[in-house]
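We just call them A, B, C, D, E and F in the order they show up, numbering each chain from 1.
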Amino acid sequence: MVLLIKDEYPEKLFQENGKRLDGRDKKELRPIKMEVDILKNADGSAYIEWGNNKIFAAVFGPREVHPHHLSKPDRGVLRVFYRMATYSVFDRKRPAPGRREKEISMIIADCLEPVLFLELYPGTAFEIFIEVIDADGGTRCASTTVASLALADAGIPMKSLVTALAVGKIDGELVVDLSGIEDKAGEADLPIAITWFNDEISLLQFDGDMDLAELDTVLKDAKEAAEKIYEIQVNTLKDKYISIQKNIENEKGGED
Amino acid sequence: MMDVKRVISTIERKYIKNNLKKEERFDGRGLWDYREFKITPNFVASAEGSADVSLGETRIITGLKYDIGTPFPDLPDEGVCTIMAELIPLASPLFERGPPDEQSIELARVVDRGIRHADCVQTKKLCIEAEKAVYILFVDMYVINYEGNLIDCGGVSALTTLISAQLPEGKWNGEDVEWTGGYFTGKDIVNELPLVITYGKIDDIIFLDPDLPEELVCDGRISISSTEEKITSIQKSGIATFSFDEIKMLCNKSLEIGKKLRKDLNLWQYKANNE
Amino acid sequence: MVLLIKDEYPEKLFQENGKRLDGRDKKELRPIKMEVDILKNADGSAYIEWGNNKIFAAVFGPREVHPHHLSKPDRGVLRVFYRMATYSVFDRKRPAPGRREKEISMIIADCLEPVLFLELYPGTAFEIFIEVIDADGGTRCASTTVASLALADAGIPMKSLVTALAVGKIDGELVVDLSGIEDKAGEADLPIAITWFNDEISLLQFDGDMDLAELDTVLKDAKEAAEKIYEIQVNTLKDKYISIQKNIENEKGGED
Amino acid sequence: MMDVKRVISTIERKYIKNNLKKEERFDGRGLWDYREFKITPNFVASAEGSADVSLGETRIITGLKYDIGTPFPDLPDEGVCTIMAELIPLASPLFERGPPDEQSIELARVVDRGIRHADCVQTKKLCIEAEKAVYILFVDMYVINYEGNLIDCGGVSALTTLISAQLPEGKWNGEDVEWTGGYFTGKDIVNELPLVITYGKIDDIIFLDPDLPEELVCDGRISISSTEEKITSIQKSGIATFSFDEIKMLCNKSLEIGKKLRKDLNLWQYKANNE
Amino acid sequence: MVLLIKDEYPEKLFQENGKRLDGRDKKELRPIKMEVDILKNADGSAYIEWGNNKIFAAVFGPREVHPHHLSKPDRGVLRVFYRMATYSVFDRKRPAPGRREKEISMIIADCLEPVLFLELYPGTAFEIFIEVIDADGGTRCASTTVASLALADAGIPMKSLVTALAVGKIDGELVVDLSGIEDKAGEADLPIAITWFNDEISLLQFDGDMDLAELDTVLKDAKEAAEKIYEIQVNTLKDKYISIQKNIENEKGGED
Amino acid sequence: MMDVKRVISTIERKYIKNNLKKEERFDGRGLWDYREFKITPNFVASAEGSADVSLGETRIITGLKYDIGTPFPDLPDEGVCTIMAELIPLASPLFERGPPDEQSIELARVVDRGIRHADCVQTKKLCIEAEKAVYILFVDMYVINYEGNLIDCGGVSALTTLISAQLPEGKWNGEDVEWTGGYFTGKDIVNELPLVITYGKIDDIIFLDPDLPEELVCDGRISISSTEEKITSIQKSGIATFSFDEIKMLCNKSLEIGKKLRKDLNLWQYKANNE
């Protein structure tokens, strides 16, 4: 039977004043909030709120590989398990992980691996579990961004952080950080991730319709926007170290 | 999966047990004290109801989704409310990937039974048109951090989710369901507020709200759901055995603790307000 | 499509004469028949007819654990596999074991383990396979009762037998040994198992609605009824030993 | 699973083979003798038909359930009869838990084909209203004890179950199926009585009704279903090969043995009587 | 919803001139074309077109057995995986292999094993993958025939080739090599395979309705027809060796 | 599964890389050359459209089947076209049995997205009656031999299959779909001809159409789909990273190579002719 309320999209994605439906300018990001060390049982963890996205990431490792035949004698393996909660989307998702979740898991793993030194961890695995509790467009990018923070939180050596976001085209205009509605009703969607140690692209997907000039512009916009997100990531980690520092100092103070 | 019982060494087991015998617990609680509950309702914008509930460090985020379906032939004027639980590996190295295991089935079932048999969800109010269309509610619990006693945390999480719910109100136009434009809230659905209360047992010592080390060393647990005056569900698990007198004592205690907790949590404050 | 005949329940569960629908008094058990050593390929086996319930149990072990990672180095493991035949219920059950069957298997294992000396069997498994061929209420209790007999039949050292039955409330009255129809149409159902070596409760589930006084009464009734069932269990085992004894004597007689 | 073939040692294999060459079998049977059949019809109260059948120590309990469904578009006036088999681990340490394996698929398929191609179940009589509603019969066999030759035991078990069946009689009221109050019995459904007869082969020795040790050591088997006058199904399994003459001989023998067995078992005695 | 065009069968399977619907006489085979060494990544391979059937077979081995517990210490194992492409039949087949495919796999394995010397390969496996790309009746027989060629192509020692075909009864008449339509609309179907080293039958299935005289006749017809197919198999292998021979000679010639 | 990366030794890896640096490839191609495409349309009589396509030794046979279904509520006048891929073990010892793995999901998804976003399949033409009945097309790719670059081979295979398609034309009679007697061909369905073009990257060397050894040693790949003037889909895979300039260069090159390939292959020649 049809649901009472359909998941319908508006005809226009810009308001009369030229702002996007959520009031943003074309190059403006949604509000982003990050936290690290949020899950006590993981070796490292992080949480992100990005627009209405709410995503947890937990890192375990280096640890034994199960099943064993997936281990590699000459290097560690990175395994990513991206999952969405059933209630994180408009129509309830089936509980079992689907093909889309497996595909995104693989993409995120490929995207994060270049910043790790897996050759230092032969025979072991790093496992990243990502749980999307609330979804509103760009979950694969937000997941990549928060997973990179969780790796740093776990104290795993990294060449740099990784930052991802989706840019695209809506109503013929190029914009950054597509919201859920823009993702579904827009014309083009381009998730991209940047590995800052070499300023290169480690995730790139595109679906839509762009000529070369548009692609050129939107990639530039993506990089600018990614720099802003990167700053938030770095500050989140700094805040953690400051708070640890303070704790240590307080303890020292206490010792005196 | 890791052998859960072996995470805790024999020395720790003895230590925990000896402390409990002296009525001492690692976190300073008495034998009959709960850890602190923290409740954030409406945590998930995409869900029609949700709650982020912590019991100490144990944390469960629950969301409600709905569908419209045909009622069961033998209950033509009743909707359906299903409870599911996922123990995701993010929450603990003790949880593994894969289809729901025994522990998640147990969590879902015990929470479900505590709710079902207390006439908590008024399934007749979930009927749009007898024999034609009813609401099917999916209350899905995700364990985000595991530090013992998932059941009591899940019980409060599911209940808060139901109370916070807000569903589009449908009416039958003779052929299909259409939206009235109005909403249907937790207040319309939830009747009783049953609470499920879990005790651990090690040797002959019984205690409320086991945390993770206590849960790992204990011989068994018993979860008792109750409304203000009645016991509505009991589930014993693990290999502990209980004497008849112990069962009576625990049923008594559950009514007492339930009354206090119901007052302290004041779950009705989380009801949806926009009607 | 709807089945021709619905599985409907009567409005009243007592007859005018105060008897239950099947003619029993409130504290009366249904007819119970047990047999042991009924399956030649098992290490121990038993069969029970309890009202219309017909259930087989087979015990194998101590034997190797498959898969191996389920074994425990310091003790044996008890694994129970409770299954219902597709045709044992009103609406055909799907052939694959469902969640309910897995849950009941776990409950029965927890309920039987206290009477075993698993610490004497490190690294091995006892496996109990239970097949419900015909179901009529209280299958988990009947299964526990017959499984305990099968363990004894296998000659596995036990602290005592285990006896289980369901008590409950129907039409406001407390009764013992709920039949299928009473289970479905009644107000409260309380399966309980007693480990006789300590007179304690090793299985306890309850769904319904009872105040403390009712619970008190029904638990007392349960114990009284369990004692009657226990007697049948013991006699079934005795009969077996008597018959073995006779065979031995006959053989000896033959030798003379 | 255990490697079935290794349960029997080389010495046993030789012993069994040598005995068979001398036309001797461990239980005293001749090469062309069946073990004893024991039949208890209507064993299962919850089923609409059932039979508990033993062939020697091999025991299969079969039950019949039904549903009402829409017919296949290309057979609009025919009901459906499906056969399933479960080789549950209770019956033998050789059986493992899990989804149906090759042996249970084989059992179900050979019994099914023996029935299907003999016009045994009159599927047109299972039609309530063409294109609208037909009976779907589920004949499910559970192997309770495994001592060889499941197929012949299952064939008799399935057939007895069908004969003993008693289904509520439905009629089409223009929109739905309603119960006439009457019943539909095995006598109305079953036409022919095909029997499936299985032979083992070791080297060049062929023998009827292999028991478990014989089944484990033999190179292959052949199951031949027949009615009074016709062969209706053949299934060779295992790696034995048969000469053209052997096949002819066995078809001949199957008609002969089938005739005798049909008379001895007298399956019609188990038909439901309450109409 | 019902498909636009139903898979319907004609009322008669013979034309007025006594020929079958595809113009064949009762004892006439459909056109058969075989090739070997067609898949570069397999140890041996073959392809058959038989009427509208199009089937590939690839052989790998002797190689390690996965999972290991399926290996046998005293002999090799033969594993056959018969699969049909989703589009090979009138109604799209579900992608996952069904019971029918598993059953046929087992039958083909049993049928080929008698010609192999598995006792010479303890602990290893031969795996045959068969993919039916287009199906038109008799796929299990065509698959057996082409798999036997692929084994020979792999250079695996064999007692002889194996040849299979289906004979049967349509409109009351005995015929050889049933087409898809004859298989579905006919009265009896008898797939049979012959191991030429002993002239015996290693696959025999029958569904239908025949008296002993009919069975006798149809088995004779089957053997005659199988001899014709065997000839094609042998010639296909000969052609391969001739072409290898030529290549070697050409190379030698080139060396001069 | 075998560890794919270990099939190729370190020595081979160095050898392949050094050759690529010198713009030399084992089979004599230049860095920006394709292997030869061979196309046989209508290979499968049972399918409503099919193609047997080889790219060098890589070979994919694709078939199209259809069903009639109810449209999605939010797209009431559009049919559906789904793409599936199976990497069967026949095609390579690198493929294992079992449910579709990551590589087959990737193949299906990249080919699907290349087609979907280019407005290649005109889904509105697959509508028989809005809200009632639409065609559902299943385009299923079977990899018969695997020698690298499945994606580009699969893209041409899927496209040729669609072009060669011939479906019975249905019309809505108010209650059901009936056959007009006419047909519906690829020409009616396919609009644009998007081609997907894949490049490998080893260290800082980029090259077109990786063969198997190149695919096994490369750090990553990028697949770019384009129509005559526009980029319609990009998918990067593997752990290579690409600079912003490299991406621009490859998009440019893809339009150029696509134009030439579209002309050379001349896929419209394979359209069904019987209308």
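Side notes on the structure shown:
Note that in this section a residue touches a chain if its C-beta (ideal position, glycine included) is under 8 Å from a C-beta of that chain, and two chains touch if they have at least 3 such contacts.
All values derive from a computational prediction rather than experimental measurement.
Hopping across touching chains, the smallest step count from chain B to chain E is 3. Each step here moves to a touching chain, and the least such steps from chain A to chain D number 3.
Taking CA atoms, the transformation carrying chain D onto chain F includes a rotation by 120°, reported to the nearest 5.
The greatest centre-to-centre distance from chain B, using averaged C-alpha positions, is reached by E. The centroid of the Cα atoms in chain C and the matching centroid in chain D are 31 Å apart. Averaging Cα coordinates per chain places chain C and chain F 58 Å apart. One finds 29 Å separating the Cα centroids of chain D and chain E.
Chain C and chain E have Cα centroids lying 52 Å from one another. Each of the following residues of chain E touches two or more other chains: 2.
Among the residues of chain F, those touching two or more other chains are numbered 100.
Around the ring, proceeding from chain E in the sense that reaches chain F first, the chains are ordered E, F, A, B, C, D.
Within the complex, the chain B residues that touch chain C are 3, 73-74, 100, 102, 105-106, 109, 113, 116-118, 220, 222, 229-244, 247-248, 251-252, 255.
Across the complex, chain F is touched by residues 1-5, 39-42, 45, 52, 54, 56-58, 60, 66, 81, 83, 85-92, 95-96, 127, 129-131, 133-136 of chain E. Taken together, the chain B residues at the contact with chain A in this complex read 43-47, 50, 57, 61, 63-65, 67-70, 84, 86, 88-93, 96-97, 99-100, 133, 138, 140, 142, 144-147, 168, 170, 176-179.
Here chain C touches chain B in the complex through residues 2, 6-8, 72, 99, 102-103, 106-107, 110, 113-114, 190, 195, 198-212, 215-216, 219-220, 223, going by the rule given at the top.
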